[in-house]
Amino acid sequence: MLFKVEMVVRIPPEMPADTAEQIKREEKQYAQRLQEQGVWRHLWRVAGQYANVSIFDVESNEALHNLLTQLPLYPYMEVTVTPLCRHPSSIHPDDR
Amino acid sequence: MLFKVEMVVRIPPEMPADTAEQIKREEKQYAQRLQEQGVWRHLWRVAGQYANVSIFDVESNEALHNLLTQLPLYPYMEVTVTPLCRHPSSIHPDDR
Amino acid sequence: MLFKVEMVVRIPPEMPADTAEQIKREEKQYAQRLQEQGVWRHLWRVAGQYANVSIFDVESNEALHNLLTQLPLYPYMEVTVTPLCRHPSSIHPDDR
Amino acid sequence: MLFKVEMVVRIPPEMPADTAEQIKREEKQYAQRLQEQGVWRHLWRVAGQYANVSIFDVESNEALHNLLTQLPLYPYMEVTVTPLCRHPSSIHPDDR
Amino acid sequence: MLFKVEMVVRIPPEMPADTAEQIKREEKQYAQRLQEQGVWRHLWRVAGQYANVSIFDVESNEALHNLLTQLPLYPYMEVTVTPLCRHPSSIHPDDR
Amino acid sequence: MLFKVEMVVRIPPEMPADTAEQIKREEKQYAQRLQEQGVWRHLWRVAGQYANVSIFDVESNEALHNLLTQLPLYPYMEVTVTPLCRHPSSIHPDDR
Amino acid sequence: MLFKVEMVVRIPPEMPADTAEQIKREEKQYAQRLQEQGVWRHLWRVAGQYANVSIFDVESNEALHNLLTQLPLYPYMEVTVTPLCRHPSSIHPDDR
Amino acid sequence: MLFKVEMVVRIPPEMPADTAEQIKREEKQYAQRLQEQGVWRHLWRVAGQYANVSIFDVESNEALHNLLTQLPLYPYMEVTVTPLCRHPSSIHPDDR
Amino acid sequence: MLFKVEMVVRIPPEMPADTAEQIKREEKQYAQRLQEQGVWRHLWRVAGQYANVSIFDVESNEALHNLLTQLPLYPYMEVTVTPLCRHPSSIHPDDR
Amino acid sequence: MLFKVEMVVRIPPEMPADTAEQIKREEKQYAQRLQEQGVWRHLWRVAGQYANVSIFDVESNEALHNLLTQLPLYPYMEVTVTPLCRHPSSIHPDDR
């Protein structure tokens, strides 16, 4: 089941640089593990913004919630979730 | 080059049913041709809405503009375009 | 899987009164059938508005989309969908 | 008398972790006591957000105000209240 | 139990003048009857707008909903309802 | 001359508790004095919010401005002013 | 007593041209009469818009309401009223 | 050439009182000098707000920018600029 | 003196196709004449939208107003005007 | 390929003055280098605001993203990107 998730990141300017770097490293590892498992299906950067557009493939709303709230950057994110479904004109077998 | 395009469709209620059906048939053919050509990379329905989330892969802003304004439903759409680029944490070779 | 769905109805003033009544009768029958089947779990009127707050229990985003777009009043509705999940402090066995 | 209450929680990042944990423990106890008393009729988590959708059953606006402002997390919440009433198409005896 | 109700009226310009006058006459009669009964406690015009600010005193959300939806101008109104309660600093015995 | 005034209070979380209590005590005294003088005609709490809806009866915009900016909580308030006048359907002699 | 009034005019495209011209002629006469009487103190066009920014000098909210609702273009206007008062740094004797 | 300028002032609560007083004194002197020179044509307080509505008469956008950014309170202001021009119905010789 | 002007065009769907074509032809001629005269300095299409971003170079707000309101498509446009001035970091001699 | 980029700068008031000056000096050098290279095609100040309107000419969304995120003031900016393309009525050879 697919969801579009948009994440805007706002790291507070007073956070020490190495703390920020450490969280971003953990975020990257976590994001890549979820991509390898197939649940984080797509991940794009929004041009000019510290933000991304993502597609998640999960079994339930609850599974999505658990994945998102464990993101190392989650406390600094504004997250918007949009439930998607197959479009009748789509020819892509995976876009469901 | 990738763009997220969100389209909300508002067909005026006074349009005759068979005119609407004819436009939707043409829209479907046009959308499927662009998907086969690889420029309309993804196409999802927003659950509960007459709206979609799409990913286009085009050579330029102008190419995108030309594709979108030729959509048979374009006169009845509200279109939002967001330029995307590769995310440094992405592992998907095509998400660029 | 639970979703909050908010529906605002705007029937065009030029619709003949008996057409409107007929659509509302069909809407009521459809809504009650879905409630009996357990998929439309809750249905409340917003005080002072021609609008409702509903809780749907469905298997997927796609199932929700199909149920909503078949509502007889759907062409005259503005629909907002919010995916829900179990709250860790909830004691209600059904609120999941 | 029913009200939909939506609560978004924003704990300031500078709050010490154990202070935050203590307030959340008290919040959970308070929320569960109100659920047992029947006044907090439903409590759902919004997927991907530190936010909830709730249904309260109280005798008056004033009773609702007193319950909400005693929430341990109240100083860190943005609260939206929507008065509800029975929907003429509802078949659920409790949704009033 | 008190509610602030704000009503903005938008009569469609194509409505015949005498139809509009007839609805406004019925609206005035209805509004004055509710004021005499004490349920429409206050009614003010917003300066420069075809809109009002009102205070209703009713037994329940449902009673409020029934009163408002029977307003002759209701189909042409945008209505906003805000539940109120006694303010701890108020000295007015009726403002509860 | 009547004005609706809506005040939302946001006391900064870092303000010491007894400072906040002292300001609120002064606010209550000031509010009650203005009510006794008849210029603060109505004062209601918005259910679920640290906010109020008020009706002021003053001689001029300037008199209103002076009263509001002397509120002890004024530096922590977001204030919205709406000029009111007598509604042609009102039967309340004081609602002017 | 001074008020800033902003008016945005939206004449429906289906109104016959000479009807529109007639209303605009009456509007101009009415506006100039109020300026001569001193109650419409200033009147400026917003560059690029069918809109104006005005300053009215009236005795009460009610006087302002009566003047505005008699504007020949009033049924086609969106009107915003902001109560003003003397600024402590102003040196203009009339800006009160 | 005329511009409407609206300024909302937000002095941070942690600024020492005498620093704030000093800046406000300088602001008043600067504002009065510009009024005497005729470039700050009107200056009104918005009732109930720490905000003003002003009319500037300058030779160019650049002249306006330079005047505004030298305001002692500029770093604490939210500024909105609206270009104005003569209204065809205006009878005031100076409102151009 | 420079202004950014953004224009969104909304031609009503009921306008006959040849009327629309005629207006667009006149619009194009008018736009090209102003470009040749140097007052319409830049004109870009917003990708995916029936909208443009333009830079005008005019002597006054009034000159800009007169140019814009004579656009053949003006009655069907939503226009936003932003006054610009030279940026201290600009190296382009014409960007003033 | 052209993009309109709007940047609003918000330097936190607690930043030491010489740190701010140092960042602004680096910003100016970086901006002028990009202008000399032809990628930052236009740069204007918004009158009355610490904000600019810019036109970038880049090869891809990714190139734009890299240029913008290396701006020394980027951590203090709110950035909005709008993809542009040639307007069919444009006569300027460079506006593509």
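Order as written gives the chain letters A, B, C, D, E, F, G, H, I and J; numbering starts at 1 within each chain.
Simple rule for what comes next: contacts are C-beta pairs under 8 Å (C-beta built on N, C-alpha and C of every residue); 3 or more make two chains touch, one makes a residue touch a chain.
This is a predicted model, so every value here is computed, not measured.
Taking each chain's centre as the mean of its CA atoms, D is the chain most distant from chain I.
C-beta contact counts were set side by side for H-I and D-F; H-I has more. With each centre defined as the average position of its C-alpha atoms, the distance from chain C to chain I rounds to 45 Å. Note on chain placement: the centre of chain B and the centre of chain H lie 46 Å apart, centres being C-alpha means. Taking each chain's centre as the average of its CA atoms, chain G and chain I sit 28 Å apart.
Counting partner chains per residue, chain C has residues 2, 45, 47-48, 61-62, 64-65, 81, 83-86 touching two or more of them. Per the contact rule defined earlier, chains pair up in contact as A-B, A-C, A-D, A-J, B-C, B-I, B-J, C-D, C-E, D-E, D-F, E-F, E-G, F-G, F-H, G-H, G-I, H-I, H-J, I-J. Residues 2, 4, 27-28, 31-32, 35-36, 42-48, 52-53, 55, 82-92, 95 of chain D are the ones touching chain C in the complex. Interface residues of chain B facing chain C in the complex, by the touch rule stated above, are 13, 45, 47-50. Of all the residues in chain C, the ones that touch chain A in their complex are 1-3, 60-62, 64-65, 81, 83-86, 96. Across the complex, chain F is touched by residues 5, 12, 61-62, 64-65, 68-69, 75-76, 79-81 of chain D.
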